[in-house]
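Dropping the structures in below, format is C-alpha cells.
In the two assemblies presented below, chain A is common to both, partnered first by chain B and then by chain C.
So, the complex of A and B:
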C-alpha cells in the first residue's frame, strides 16, 4: 500500500527537483507576501494596530521613517503610516477574494460547458470572452460607477466577471487535452456520473494547480484595480486609508520634496502586486512547465 | 500559388468583419443593459423616452437608443450641455496618440529582451532585464508618474503637468513624450509582453522545421520570423490595447492630459452618463479595430488559417 502512495507523490517531488532556483525564489517571495498580507489583514480586522490610524499629530507632519514612535513615519496630518498601511489592506482583501471567487467559479462553469459540451456553447463562450476583452476594464468600471454607485463590491463583481474568460479558456483547453486520455474514457466506461468526472477527475485532480495560479494572478489584478480606483477618488474615501488614496494624498506634497508619505504606500502596492504575480508565474513554471526554453 | 493564397484571405476578411460587427453589437447590448438597470433611469438623460413613440419595453428602448447611437447622436453631456460625440472626437485623438505611442514603446522595450531570452536562454543580463520589467510592471503607474514629473522638473526644467494645453510651449513634442514614456513603461503590460513573446519564439525555435533549417545552414531568423515573431507581436499588441486604454485613464489624470480617459474620470465623478457611455463605446470600437488589424496580419502571413 505504502508503495502506491509513494508512486503517487513521486511526480510532485520530481517537479520540485526540476524547478529553477529562480522559480523557487519567485514562489518563496510570493508566499512571504501572501503570509504578510494575510497576517496584516487579521491584525487590521482585530484592530491591534500600533497607533490609532486616524489620530492626527500636527507637531509631526510628513515625518521620515524611523521617527521614534513611528517606524514608518507619518503622513500629511501626522497620522501613523504603519497603522494606515496595515489598515489599508482591508480595502482590497475581501473585495479581491470576492472577485477571484466569481471569476474562478464562473470561469470553471463556462470552461466545462465549452470543453465538455462543445459545439454552439463553445462558440458562445468564445464570443463572451471576446466581448469582455473589448472593454478596457477601467472604462467599464467607470461606466458601472457612474450608472450605479462607487461601491467596491460592485466594482469587484465587474472585475470577477471580466476575469472569467481567461479561466474558461484554460479549463476548456485542459478538458480538450484530457478527453483523449484513457482515464477519462475509463471513468465514463465505469458509468461514473458526469458531475463526478467533471468535478473530481477534471477540475479537482487536474485543474487545481492552474486555478490556484489564476487566483493569485487575479488577486494581483484586484489590488491594482482597487488602488487605482482609490487613487482616482472612487474607492475608499478619506479618512479611511487605502493604499491608493494614501498615494494620492501624499502626492500633494511630492513636488515639495516630501516623497515618503506617497512612496510608502506605493512601495507596498509594488511589493504586494509583485508578490502575487511572481507567485503565480513561479507556480506556473514549476507545476505546469510553461517556461520557454 | 499567389492566387490561391489571395482568394481565401478575402473570404476570411469578410468573416472577421462579420465577427467584429457582431461583437460591436454585443458591446452596445452590454452598455445598454448597464444603463437600463441603473437607478434613476439614465436613458432619459440620453433622450430615449416614451414620447418618441417607442414602447416602454426594453427592446423598444434599445432600438431607440441604438438608432441614436448609430446616427452618431450620443446625447448631450449632463455637465457641459455640449453634444458628446464632437467632444469625444476632440479629445479622442490625444488618447489615441498616447495609447499607440505607449504601445510602440512597450513593444520596443519588450521585443529585444524577449528575442535575446529566446535565443540565448537565461543569461545574467537577460534575467536582470526581465526582473526589472516585472518591477516596472508592478509599479503603480500613478506614483511612477509623479517620480517622472519630479525628475523632469528638477533635472530638465520642464513642467509636464501642463502638457496638451492651448498654451504653446517650447519643444511641445517633449511634453508629449513624457506621458507616453510613463504609460509605455509602467502600465503593467511590459512583463506580460516579454513573457508571451519569449514563450512563443522559444516554442517556434524548438520546432522541427527550424532544426532542419539550422541543419541546412539556412538563416534561422527568416524561417522563424512569421510564426515566431510577427504573429505573436501583433497578437500581444492588439491584446494589450484595452489595458493601455485603462492605464491612459490614470496617466491622463496624473499629467492633466486632455484625453478621453480624463473625460471618463470627470464623467464618472459627475454621473455624466452620456459621456461615459460614449467613451465606453468608442474605446470598445477602438479595441475591436485593433483586433481586426491583428486578424488581417495573421491571415495575410498565415493563409493556412483561412482553410480552418
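So, the complex of A and C:
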C-alpha cells in the first residue's frame, strides 16, 4: 500500500526527489571523494601526517601494504606511501581550484559579453574559442613551461584560460536562449538594473547548475593534467610528492615485482578523477534533467 | 493627464527587405489620472509597441525615432532629437540615423525610478514572464525590496504575503514557496499583478493580460483587475484585442489601426456600433454581443487584412477594407490621410466621413 501525504510547504529540492538512484549514487560517490580530498588536503596542510613523507628507511624498501607502521607500504626509498599520497594532494588542490576559478569567472564574463552585448564582441569571443580549440592543450602547457619555469601555478593559469571558451559558449548559449524569454523582458520592465538581471536572474538562477557541473569536470581535468605533467617530469619535482611523480618513480620497480608503489597513486588518481567526473555527470543528470524521462 | 503620447513613431528596420517596419506611426493617446484607457486593435496594429515605447523597453532597432511621451509632466523622450536624425521625403521616413548607445544611456537616465516604480507592466503569457528557477515569493520580495523602502527581508515577506492575498491567491503562505511551473496560468498572472502593484505605481500597463489563459480564467482576471481598480484607483492602460475585456474595464477607449490611433473617446461613445469610425464599427460587428446572440445574426468578419506596415498606402490606412466609403469622399480617402478631428468633446476620429 502507498501513502500519499500533503506537504506542509512545497519541496524546495524537487529535482533531488525525482532523481534516478544511479545519479544519486554517482553524486554520493563524487561527494565522498570531494570530502576525502578536502580532508586530506587539510591534513597535509597542517602537517598531521602519520609519518614524515621525506624520511627514508633503507631497511624497508618497497614494502608491501599492511606492513606494521606503514598501512600502504613504502616506496623505493622506504618513504611512507600513505603520507606521501596525502601530501600529494597539495600538488593539485589549490592549483586546480585556481584553474577552475579562472575558467568559470573568465568564461562567464566572456559569455555574458558575447551573449548580452552581441555584435563584434561575440565574434571576438568566437575567434578566441577557435584559437584555443585549435591548439593542443598539452603542447601549449609545455610551451609555457619552457618559456617560464616548471611551476604548477603557471600551468594551471594556462589550463584555466584554455577552459574559458567552453564556459563562455555555455553561458552565451544560455543567455541567447533566455533573452527571448519574456521573464527577462519582464525583469527589465520591473525596473531591475541590467547587472541584477544578468548576475542574478541569468547567471545565478539559470546558469549556476551548469557552472557547478563544469567546475567539477574542470577539477577532474586539472588533476589529470597535473598528474600527467608530474609523471612526465615537468610538474612537481622530487622529493615533493605528487601522484604523478609517485607513479613515475614506482614504475622503475614495477617489473621487478614491486608493483604497489606505482599502483597505489595510480589507483588514487583513478578514484579521484572518476569521483569528480561522476559528480559532474550525476549533477548534470539531476539538475539539468539530462536523463530522458 | 498622467500619460500623454503624441505623434509617436517607433520603427524597426527589416534587413531582408531593406525597409522600415512602421509599427507605430504617428500615434497619439493619453491617459488621465485614475482612469482606465482601453487600447484595442487587431494584432500588428502597434498597441504593444506603443506601450513598450512608453516604458522605454523597445529592444529592436532603430526603435523610437520621434514623438513625445509625457508622463507625470516629464518628457520621457527628452533629448531624443540629439540622438536621432530622420530623413524624410514627402512625408515618408527614408533614412534614420540613431546613436544607439547614447540613446540607451539617455533612456536609462530618464527611466531611472520610473520603470517598474512609476510605470509597472504586466504581460500576456504570465508563466513565461516569471523566472522559472526562482520561487514566486522570492521574485515578489525582490520587487518589493527594489521599489519600496522596505529593506528587511522578513518585512518584505509579510508585504509579499499581503499582496498575494490582495490578488486573491488561495493559501498565500503555501504559494509563496512555489515555483512558477507549479502554478496555473491564472495564478501566475495574479502573482505578476501582485508584483506590478507592490511598487504602488501610478500607471499600470496591462499588455494583453488575459491572452493565453482559459476563457473562465480570463473572466476571473478581468474581475480581479476591476476589483483592484476599484480598491486602489490606479491609472491603467489596458491593451487587448478582446473588445469584451475592454468594454468591461475601460473608462476611455483608443482604437489603434496600422500604427496609429483612429478613434479615441469615452468608452460609452466609442463602443456603440452605430456611429464612429468604420473600423471600430467593423470590429464591434465582428464579436458577438447580446443583440447578435438573441437574433442569431451572423458575425461579420473584416475583409482583407491589416495593411503592410512596410509599404503603407498613401491615403487613409483603412481605405482598402472600409465598407462605408462613399463616392463623395472616395478620392480623399484614397490619397490623403485624414486628420484626427474632434466630433464631440473628448471624442476624436480619424475619418474623412466625419471630418468637417
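Convention: the second predicted complex is superposed on the first by the 278 of 293 C-alpha atoms of A that agree within 3 Å, B and C clash if a C-alpha of one lies under 4 Å from a C-alpha of the other, contacts with A are read in each partner's own complex, and residues count from 1 in each chain.
Please note the rule applied: contacts are C-beta pairs under 8 Å (C-beta built on N, C-alpha and C of every residue); 3 or more make two chains touch, one makes a residue touch a chain.
Fair warning: this is a prediction, and the values are worked out from it, not measured in the lab.
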| item | value |
| --- | --- |
| Joint occupancy of chain A by chain B and chain C, clash or fit | fit |
| Contacts of A:133 with chain B and chain C, given as first, second, both or neither | first |
| Following superposition on chain A: angle at chain A, chain B versus chain C, Cα, nearest 10° | 90 |
| Chain B versus chain C as contact partner of A:187, first or second or both or neither | second |
| Partner chain in contact with A:270 - chain B first, chain C second, else both or neither | first |
| Chain B versus chain C as contact partner of A:251, first or second or both or neither | first |
| First (chain B), second (chain C), both or neither touched by A:142 | first |
| Contacts of A:206 with chain B and chain C, given as first, second, both or neither | second |
| Chain B versus chain C as contact partner of A:231, first or second or both or neither | first |
| Partner contacting more residues of chain A (chain B vs chain C) | B |
| Nearest Cα pair across chain B and chain C, whole Å | 14 |
| Interface residues of chain A shared between complexes with chain B and chain C | none |
| Chain A to chain B touching residues, read off their complex | 22, 127, 130-131, 133-140, 142-148, 150, 220, 224, 227-228, 231-234, 244, 247-248, 251, 254-255, 259, 262-263, 266, 269-270, 273-274, 277-278, 281, 290-293 |
| Touching residues (chain side chain B, partner chain A) in the complex | 19, 22-24, 26-27, 30-31, 34-35, 37-39, 42, 117-118, 121-122, 127, 134-135, 137-143, 146, 149-150, 153, 188, 191, 195, 198-203, 206, 239, 242-243, 245-247, 249-250, 253, 261, 264-265, 267-269, 271-273, 276-277, 279-280, 283-284, 287-288, 291 |
| Interface residues, chain C side, partner chain A - complex | 55, 57, 59, 111, 113-117, 120-121, 123, 125, 128-134, 142-143, 146-147, 173-174, 177-179, 182, 192, 195-196, 199 |
| Contact footprint of chain C on chain A as seen in their complex | 9-10, 12, 14, 181-183, 185-192, 201, 205-206 |
